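Below, chain A partners chain B and then partners chain C, in two separate complexes.
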Partner chain A sequence: MAAKTIISRPIYGTLSPQPGKHHLFVADAEGALAIVDMAKTAPPGFFDGAEIVFIPGPDGKYVEALEALKSAQLHVAPSFASLLPRLKQTLTNAHMGLRLYLAGTEGLIGQAMQVALEAGIDHTSMQTEHRGSLARRMQCVHCKGITENVTTQPATCAHCGLLLLVRDHYSRRLAAFQGVCINAEDRSEIPPVEEAFP
Partner chain B sequence: MGITFRKETFRDDFTFKNSPEHIRRFPFPFHEDAYMYAVNIEPHVVGPKGSVLENLIDVDEHYVAEMQDRALVLAEDPLRCQSLPHMTLAGWDLLELLMEQQALGYPEHFTLTRDGDRWRWINRPLGIDDTFTFGDTSTLPYGPMEYITRQSQGDFCILDQRDGNLWMDAGMVTTQADWSLDFDIGMNFFEWHAPVPLAHEKGIFVRALKFLTNIQQGKPARRLNWTMTINPRLDTSPENYHKWGPDRATVTPENVGDKVHLRVELQSFWRLPRSNGIVFPIRCYLIKMDELVTQPKWARRLHRVIRDLPEELATYKGLTRYRPTLVEWLSKLDNGSATSPGFGPD
Partner chain C sequence: MSTGTTKLDVVVSDVVPVNDLVTRFHFRRRDGELLPTFSGGAHVVVEMRDGDLTRLNPYSLMGSPLDTREYTISVRRDDVGRGGSLFMHRSVKPGLEMVVSYPVNLFSLDLRAKKHLMLAGGIGITPFMAQTAQLAGAGGNFELHYTCRTASLGTYADVLQERYGRRIRLYHDDLEERIELDRLLSSQPLGTHLYVCGPAGMINWVRERAAALGWPPETVHYEHFAAPQPGLPFDVTLAVSGKTIRVGEQQSLLEAIEAAGVDPPYLCRGGVCGQCETNVISYDGKFIHNDHWLSEEDHRSGCKIMPCVSRFEGKSLVLER
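Right after this comes the complex of A and B.
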């Protein structure tokens, strides 16, 4: 986690079983382990009313660990983009009282939260747990393009090519950190690029 | 009588200037020879004749040029004006407030006549004469907030009040000091102020929020804020930072007086009657150093403020690159003599 933080930067917790009958889990990569760990404290029958949607990392791990939870539904998706139509449908048709659990990378948590916010779910009612990569989703304030999986500071905008300072300032609506040109005042200044969000 | 509106620009050839009367009325923001954050909020009541507080919504000689600059910004970047779907009623509240205040303060320039919901708005400086149905968006060429804020100086943020917090859910922001409406829209009071240094630790925002959520209808409040801008550029948005940022490297001892501007925001806060939202006009006033130092008290005081500004604030306000040059230039106008209390010139 970032050593020094600001108020708009999201704070993640630890998943814990919430009361209720309907539970929706959205996770990627190591986020599966947050669900597995939570399951150890879940009451019997908890996963009978649970749906898990999971995007495995590049190594394809943890699918079996989730299968072992015997949730009512387990859907494995190749990417967030491929998951999006299904997630929107599920959230739009959700019963009052659906409990939402988001676990994994910040990019996954942020984008799933964005869809849930649009469906009218209050962000404070969602359980979140950060696991795995610290890579950031970044919006370039200049061209408005989103760059996924930013691991360096500064980082180059994948759209307009400006070298951007990745700020801690975060928008839930955009599910992105803000990127601002780092050498706007003198473009000949090229600060060293460091691996800041591994 | 009436105001003589200047023909001037805030970009390219930068012909913006203040007349001598407008220099005297400039809202100089320092009441003493030092600056630190404070919850400097006070009732927004009418002030002395000839000051920027003579009317609660101030219209000045830059009105027409500022509205032209706003239209240019919006044509380039329509995201500077946004309103979340639940904010339309608040937009009508704002339209009413600005039409009433401008017509009240400047009857020679603006006229509002009402026949039930049928309203007629005449804006002579901009050549507008529109009749519309209050509350019916289809009778205006834009949404109500955009319509009226294309005709009103200053940026406008409309805040929704719920859950004991204020939410930045609509705005017209084209003359901002480096913050992005497009990024911050939908955030609560603490979130959109998150990047401001030092003030959170001092509890400034907790107290300010408490004050603002208690603002009552008909009892607006105000505060001043300030920064500095190189060239009289209204649009110092983060969106265009890569375009105006290089200006900061152009300050030399020879051009300080012409290039460096004090930028003061007169922020006011008004409860809106139908939506229970709060509108937060952020009115920007610019003055170049050559104009400011025609008032010797302001020259001495500004020298001391800028020289002694804590480093974090100087960095946040973007002064770092040219502060030494500016302080050196101002120091020659500071003979060390005392300054009188209060904001005004001697």
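Right after this comes the complex of A and C.
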């Protein structure tokens, strides 16, 4: 569970069924279990108006668990990039009364939230639950490149190669934590690298 | 000086009867300068000096925010109220020098919205006059549904239809025309924000249906100024200033506190904004809470009161003022 350190660091809740006409779930890997747990408290017929979009983790698990919920639609996608056109299309055609639930890694929650914000949903109106890896999506503040699945502190920018301090400073607009050069004064100074976001 | 209650010296530049119940008042600055900028949904508190009595009533600004040469308000005559609207209708004439507060907005547009859906009932139309002007000037997407008793009491319905055509939809009670609320709320594109201003019953109905149909609370905006209700006189001890005061039948607790020379903060004077929230030190009796600010729990606790609209009946009341 992420601790609140500075104001921009997102904190996540526990999914709970909201009043609404349509329910859209976007989840990856262990995020499926957040939906399964929420289903235990959902009113009868809740999933009749629900669509679940799921990106399985490397182990490929939890697809059957989601199938068992018998949602109106279940779409399994190999990556966030591959489901993005579908997600945008759904949100473009949606009406007020659609509720959004995001569950899984911070990278997934952040990127889905970014698309939903553009569609006009306030971030406080979305249900979120963090499950699984603590890996971060990071923007290098120097070259602006995004590095996915950062697990170490410090971390190397995949674009410009600078060694970056991964800050808790988060941008909802970019769906990324900010990475700032950790040894700008003396590049030969290499601090120990720890597995900080397993 | 109370927060946000900096005063403006104005002169009444025009008084225009709009229909049987509503009159419009125009104010300009006495020094001829422009008035402060405001945004659609803002109100001013108008000071009414009626003999020994000073009333301070909030009214929504209804002119275009793009024009600050004058402020305009529309006042609906209330023959059984505490007399503020009657004073405006009977005693306020062009040329009268008055004092109004700086504008305060507790009902502003959320400009992140993809679309603005507005529901007005009766004199609740006034903030939307300014909001529609603001949005139209910026190419904003809006739709206004306006319920009035009869066509002749549909204040500004003609003006709005002439300005905005099909974006304005009217419903007349006498013709039994009703908003199909569930269908309206369910057919709005994602990213729509809802604004409602009108009688308390209408606001409650719209908020209840919107919540049930899955509108997040952040997307539902409403404004209802509760006019202070008259009631039995009661005595209050102000512990901090060491005064004991009597609240008259037609006076609000806030007005009585002010009349005693104590200057608590306030903004809306309608039980909405929370500025005048006051701690209760002790009491023996019962509160008559009329505000929309405190939670039900606060109301039950007997620890807080909103003196702008709420009253008290009983033996003693001591406030931290």
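Assorted remarks:
One rule holds for everything that comes next: the second predicted complex is superposed on the first by the 194 of 198 C-alpha atoms of A that agree within 3 Å, B and C clash if a C-alpha of one lies under 4 Å from a C-alpha of the other, contacts with A are read in each partner's own complex, and residues count from 1 in each chain.
Everything that follows uses one rule, which is that contacts are C-beta pairs under 8 Å (C-beta built on N, C-alpha and C of every residue); 3 or more make two chains touch, one makes a residue touch a chain.
From a predicted model like this one, the values you see are computed outputs, not experimental measurements.
When the two complexes are overlaid on chain A, chain B and chain C sit side by side with no clash. Taking the C-alpha centre of chain A as the vertex, the lines to the centres of chain B and chain C open to an angle of 60 degrees, rounded to the nearest 10. With both structures placed on the common chain, the touch criterion links A:59 to neither chain B nor chain C. Using the contact criterion defined above for the overlaid structures, shared-chain residue A:171 touches chain B, although it does not reach chain C. After overlaying the two complexes on the shared chain, residue contacts for A:162 are found with chain B alone; chain C is out of touch. In the superposed model, A:195 makes contact with neither chain B nor chain C. Of the two partner chains placed by superposition, only chain C is touched by A:91; chain B is not.
Smallest inter-chain Cα distance, chain B versus chain C, after superposition on the shared chain: 5 Å. Touching of chain A by both chain B and chain C, each in its own complex, is seen for no residue at all. On the side of chain A, the complex with chain B involves touching residues 6-9, 139, 141-142, 144, 162, 167-169, 171-174, 178, 180-181, 184-187. Listed in rising order, the residues of chain C touching chain A in the complex are 112-114, 185-192, 211-216, 218-219. Chain B meets chain A in the complex at residues 79, 180, 182-187, 190-195, 200, 238-242, 245-246, 248-249, 321. Put simply, chain A touches chain C in their complex at residues 18-22, 91-92, 94-99, 119-122, 124-125.
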